[in-house]
Amino acid sequence: MRTNAFVVYGGAALAALLAGALLALGGGASPLQAGAALWEGMFGSAYAIGSSLNTAAALGLIATGFTVAHRAGLVNVGGEGQLCAGGIAAAFAGVSLPDATPTLVALPLVLLVAFAAGGAWAAIAAWLKVSRGTSEVITTLLLNFVGLAMVLLVVHEEGLLRQPVTSSQTLPQSEPLIEGARLPLLGLEGSPATIAFLIAAVAAVAVAVLLRRTATGTRLTAVGHSVTAAARLGLPVRRLQFWSLTSAGGLAGMAGGALVATTPFVLAESFSSGYGFAGLVVGLLARGSLAAVAGVALLFGLLASGGMNLQLAAGVPASSVQIVQSLLTIFIAGAVILRRTS
Amino acid sequence: MSAFVELAEGGVRLAVPLLLASAGELVSERAGVLNLSVEGMMLTGAFAGAVGASMTGSPWAGVGFALAAGLLAALLQAVLSVTLRADQIVTGIAANALALGGTTYGARLFFTDGRSVPGFEPVLGPLTVLGCAGLAVVAAIGLLLSRRTGYGLAVDAAGADAVAADRTGLPVAAIRYGVVLLTGLTSALAGAQLALAEVHAFTDNLTAGVGYLAVVAVIAGRWRAWPTALACLFFGIAQALQFTAPLLGLHLPTAVLVMSPYLIALVAVSGLVGSSRAPAGLTVPFHRESR
Amino acid sequence: GGSPSGSSGSEAGASKLRVGVLFPGNLSDDGFMESSYGGYQRLEKAGQVELAKIEQVPAADYQQALSTLAAKSDLVVAFGGQTDAVLRQVAPTFPKVKFVEVGGPSDAVPLANLAYYDPKQADGGLLAGAYAALTSKSGKVAFVGGLELPAIVNTANEFAKGAKLAKDDIEVLAPQYVGDFNDVAKAKQAGQALVSGGADVFGQQLNLGRQGLVQAAGEGSGSVISGPLVKECGSETGVIGYAKTDTGAALEYAVKAALDGSWKAEQKAFGVASGLGASDLVLCGASPEVTAKLDEIKKQLASGAITTP
Amino acid sequence: MIPALELHDVAKSFGPVRALSGVSLTVQAGEVHCVLGENGAGKSTLCNLVNGGVSLERGTMTLYGEPYRPSRPTDALAAGVAMVHQHFSLVPTLTIAENLLLAAGARLRPRRRELHEGLARIEETYGLSVPLDELAGHVPVGVRQQAEIIKCLLRDPRLLLLDEPTAVLGPADVDALLATCRRIAEAGKAVVLVTHKLGEVTRAGDSATILRGGTVAGAGPLAGFGAEDLVELMVGRPMSDLDPLLVASVDESATSREAARITAEPVFRAQGLTLSRADGTLALDGVNLEIAPGEIVGVAGVEGNGQSELVTVLSGAVPPGSGSFLLGEHDLTFATPRGRTAAGLGIIPEDRHHEGCVPAMSIAENLFLPRLSEFARRGLLDRSALHEAAARVIEEHGIRATGPSARMSTLSGGNQQKVVVARELALDPLVCLVAAQPTRGLDIGAVDAVLGRIRSAAQAGAAVLVISSELSELLALCHRIVVAYRGRLLGPVPAAAPQARDEIGRLMVGAAA
């Protein structure tokens, strides 16, 4: 089963690479040169790896949450909106704490607030699901767009989060978070990796243990497979559904908090960078396995770094990189059937 | 007064591509396939339409190109979600990214300076011939695939219970292929409408989320034809309001207007008004031997 | 394709100045980024320096993009104000690299190795406003912008100021912000709303979206003052002139300054008053009286008799 | 004469499970051919092969002399083969008329007139009719079953496959159905009937094939078999080994027993339970019932008289409109399912696929889902202990499966039911057991096992309520029987009374109401 998965994903990656080579050729760069640039971009420096880790941490948190909800049969399409809610809350907390608040107090507080806000955002959909049976796929999808617009609103309105407007040149973004609220670096030489990576890793391991080794995990699975049977067997179905989706939102919110608490430490209009959607894709591709979540999140993070270097060192346009990344996703999703039938 | 006329006209103008795209999407969702890739199909259609019109000098040829490209994009989605039973949400999102990257890449190659894109001119209020044709297509879909026809029933059966439909002898896979391809055609037409009737040009990411809005309209319309059409019109007006509001002396933050269609859809589906049931088989792939 | 500069390339041009450029947006946006990229392409042709670029970067990757560029360059130029907060964090970590931000806040304080170049889009706005007022038949003009960003709001204000300056009974409708520089359909709707409000000549600060505005204006037999890119007069119907803002000139200036050792961490304006020719108004088929009146305003701008923020 | 259907040496496996191997079978036109066999013997798989629902692995099929190999149900329909599935195949959100229209193929203009003509013809020939304008998901199972059969007949098939069509029907509906089968056969078509009930076999069948473990254990005209032979071929042991009360159910003649004397105070007390349906009519109309420890009470009645609703109220799926339900000291009227379990109430639900188990999970998980906390060690689940416990239950209850970690969905219907029964009987203490259709779909050997277990649960002190459409089973098992009629419980009738069967029959049509 495991080698099989390896073959399937490897094949998908190979097919995507092939398409990439063709595109590079079309763009005038030699595929070999492009390959070298991609490799160098991914693994060439401590800096690139560190950046990839940061990206992977955000995507991994979202995908981990996705997996929890998915285990209970709920598809959380709302990572982007929850990420926005978490980012907004983290920014509110991070700019309003007294300047001297120590990291030990400020940082956990900011992340907790982000978790709570992301959770609350998802709880809207969760509540509609358990009380009215409204499909969470739909409500969370809609809440994404509302969340994105909320960020627009808070960074543009002075009464909300916009930094004090001193001149007509003041950018529509929040003030920077206080020192104590910023994510410390992991401390690796020349690497921008923050402890977000540790947080994401801990979350993934904790969730893996919860889902695979505890009674709660088995109960969530039961709810995910059959709500009627689980209810008949005395499981607190609504509570399990509500809290699984809410915690998925919480983890996505925490990812938003981590984004705001990383350089440049402000909340700005497009801070979410589509990570919510990317995290959803990671979660869906991982198909319930936390190991796969970690792997795919890292792959996506590395690809982002590699793609950047493809532009820089091989002059490949950004659109080609985007094409290759989407093809990779499509191939992996399409190849799943090979695993299913064997 | 003229501001209100403008509001109505502006609303109708945006509603036409929305109606087209959501007409296909509604049928597709009724049959159990969620095409988040409507956005990508529209973009592909818009690009091919602009290329075709520009190359041949005829906007109708552009429409032909758009339809062909839309079919191709839809075929990809159909193979993925029906034959390969891949996750519809992943493939939808990825297909949109692919369409965006692909058309951007293509536009670099094709639309060098000085390429003009011939388009359609308004003939009926804000509507062009293409717009009118589009509305006719929407009406035809509404009539031919309503629940009063056998085809409409078959579509509903495939979406409500694919296993039962299969046992009844309905060709579930063929039905699903058909509706996805139909969505490709109407979405491409919607894209062509944007590129050829509205802006007479192709620009990167021309559709800018209209396709997602079409999916939302289907949801807000609770999988019924008339409410979906109404939702499209309403979204069109909500967007037009963004620009007529200042003329009416209203100052609302842009963000509030941007989020309003989604909030409306949320209220509509949350069952605060009436009940809402998605087709039971929506996003569930059909496989005969599994149980 | 750009200029491939892999490991072999860097050996050959080891002595050349290495310049890294960040374009956060889309290079063919028919506006700000494309104008900036124009400068890049001119430098590429000249071949004096070794160039590398990164385009279309999501906000979360700004830091990585800038740091990666800085690690491989002597001079890093970032276009658009959106990277400001990150740039201020990254620049101090590469003290040997010169940084330039083009289009950032014009009141920002430069850092030891970070200069701010202001392309002065407001100048173009002022001139466009005057031109619009002078050519309007309905007596109403209007401005359409992409996002409600400082530079854009400024330009809108200057547009209104310029219009009043040229003709004090002109009515300037409230500016419209589309919410996106590149959304053609929405820009067209904004234009149509203004046309129905009576406006017939438009100033704008849009990129790809501008085409929509031009059409909306054309349907109402109005006209648009295009820009920042200047194209041949008559190549676009419905366009009566170009408010030129050559942001690419700022890149060329930065390179030149770095090459001849005159580079300073300064706040530098590239408006009409700078005399660098990066800002101007190109008229297409204007009457001699209109041309004369505008030349007068240009002179006042150049001499500092009129200033824009 | 050319046989209608001939299977030669066919085989089919699902992963490691050999569902069928080397099966040959011949069905003649004009006969009702019964397929018998214990749970998991491969009967449904056989039908699905012929219907194109699963693909053939090895062997050949001929239909009326021609090679036949359908790759999907549509092919089968085109060849004149129609099937009524063990689990239904009507689209629940469409009306019955719409479902029937679709069966004629998707056309732009649905042929309503043809449908009505076809229905008139079927009503005339077979006496079958259904309400057309109701949603298929909203009508009682009996009606759905009829609609399924009509759907098949509209196609005028040459071969009709019926997979356990009688499992969900009441006695009157069963009679009608068997009569229909005979008429279809007399009209020159071939009918394949899958059933577990030997009484039905002897009443309607002409010939039979008996499957065991995926192979043919015996075949031939029914005249050549006695009931004993059939039972022995099916379960592999002689009928005399089985519980006498089962033999009773096979013979359909009640053996009279001593009336048991129950003296203890009742623990199960339902008082004035009411429940209204969506249309405002009463599904339950003041249900009063008391059961003492050790007592087995049966609920008989024609399907749709409130039996299913009584179980939903007792299981807590739906709160009653009024009335109360007490178990000993505990008021369970509005308790959660968990609260009910804690009070010692075990429930075997009617619909095992949706309520009784989680098909995608393992047997072990299904067995212990409500009691997972018992397997928690320092917060973590002790899976090896779980599997050990499950293996013991599997052994004890004779569940046919590859092991504790086998997925529930890979079990045959009967074995799934055994898992459900095992789980509910394992409650400790088991104060009361409510069993709805506990033997539905079970082979005779399994019925023997389940009834035996219910009886021993009662002997161990549980109050037992059995809802069943098998009157003979109730008569053999229960101490007294009440009859559901329009939402009320009539009776009771002591099961041991000599005229019990007649008395119950009268109550079922409301004679004494």
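Letters are used for the chains, namely A, B, C and D, taken in the order the chains are written, and counting of residues starts over at 1 for each.
Methods note: a residue touches a chain if its C-beta (ideal position, glycine included) is under 8 Å from a C-beta of that chain, and two chains touch if they have at least 3 such contacts.
Predicted model, so just to flag it, every value in this text is computed and none were measured.
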| item | value |
| --- | --- |
| Pair with more cross-chain C-beta pairs in contact, given A-C and A-D | A-C |
| Subunit A and subunit C, separation of their C-alpha mean positions in angstrom | 34 |
| Distance from the mean Cα position of subunit D to that of subunit B, given in whole angstrom | 46 |
| Distance from subunit D to subunit C - Cα centre to Cα centre, in angstrom | 76 |
| Multi-partner residues of subunit C (at least 2 other chains) | 148 |
| Interface hub residues of subunit A, defined as touching at least two other chains | 156, 317, 319 |
| Residues of subunit B whose C-beta touches two or more other chains | 104, 108, 254, 258 |
| Pairs of chains, among all present, that meet the touch criterion | A-B, A-C, A-D, B-C, B-D |
| Contact footprint of subunit D on subunit B as seen in their complex | 144, 147-151, 153-154, 156-157, 160-161, 163-171, 175, 280, 288-289, 291 |
| Partner subunit C, residues of subunit B touching it in the complex | 2-3, 5-6, 9-10, 13-14, 104, 107-108, 113-114, 122, 194, 198-201, 203-206, 208, 210, 239-240, 242-244, 246-247, 254, 258 |
| Complex contact set, residues of subunit A against subunit D | 209, 213-215, 217-219, 221-222, 225-226, 228-236 |
| In the complex, subunit B residues that touch subunit A | 34, 76, 79-80, 84-87, 89-91, 93-95, 97-98, 100-102, 104-105, 108, 212, 215-216, 219, 253-256, 258-259, 262-263, 265-266, 269-271, 276, 278, 282-283 |
| Complex contact set, residues of subunit A against subunit B | 23, 75, 77, 128, 132-135, 137-139, 141-143, 145-146, 149-150, 152-153, 156-157, 277, 280-281, 284-285, 317, 319-323, 325-327, 329-330, 333-337, 340 |
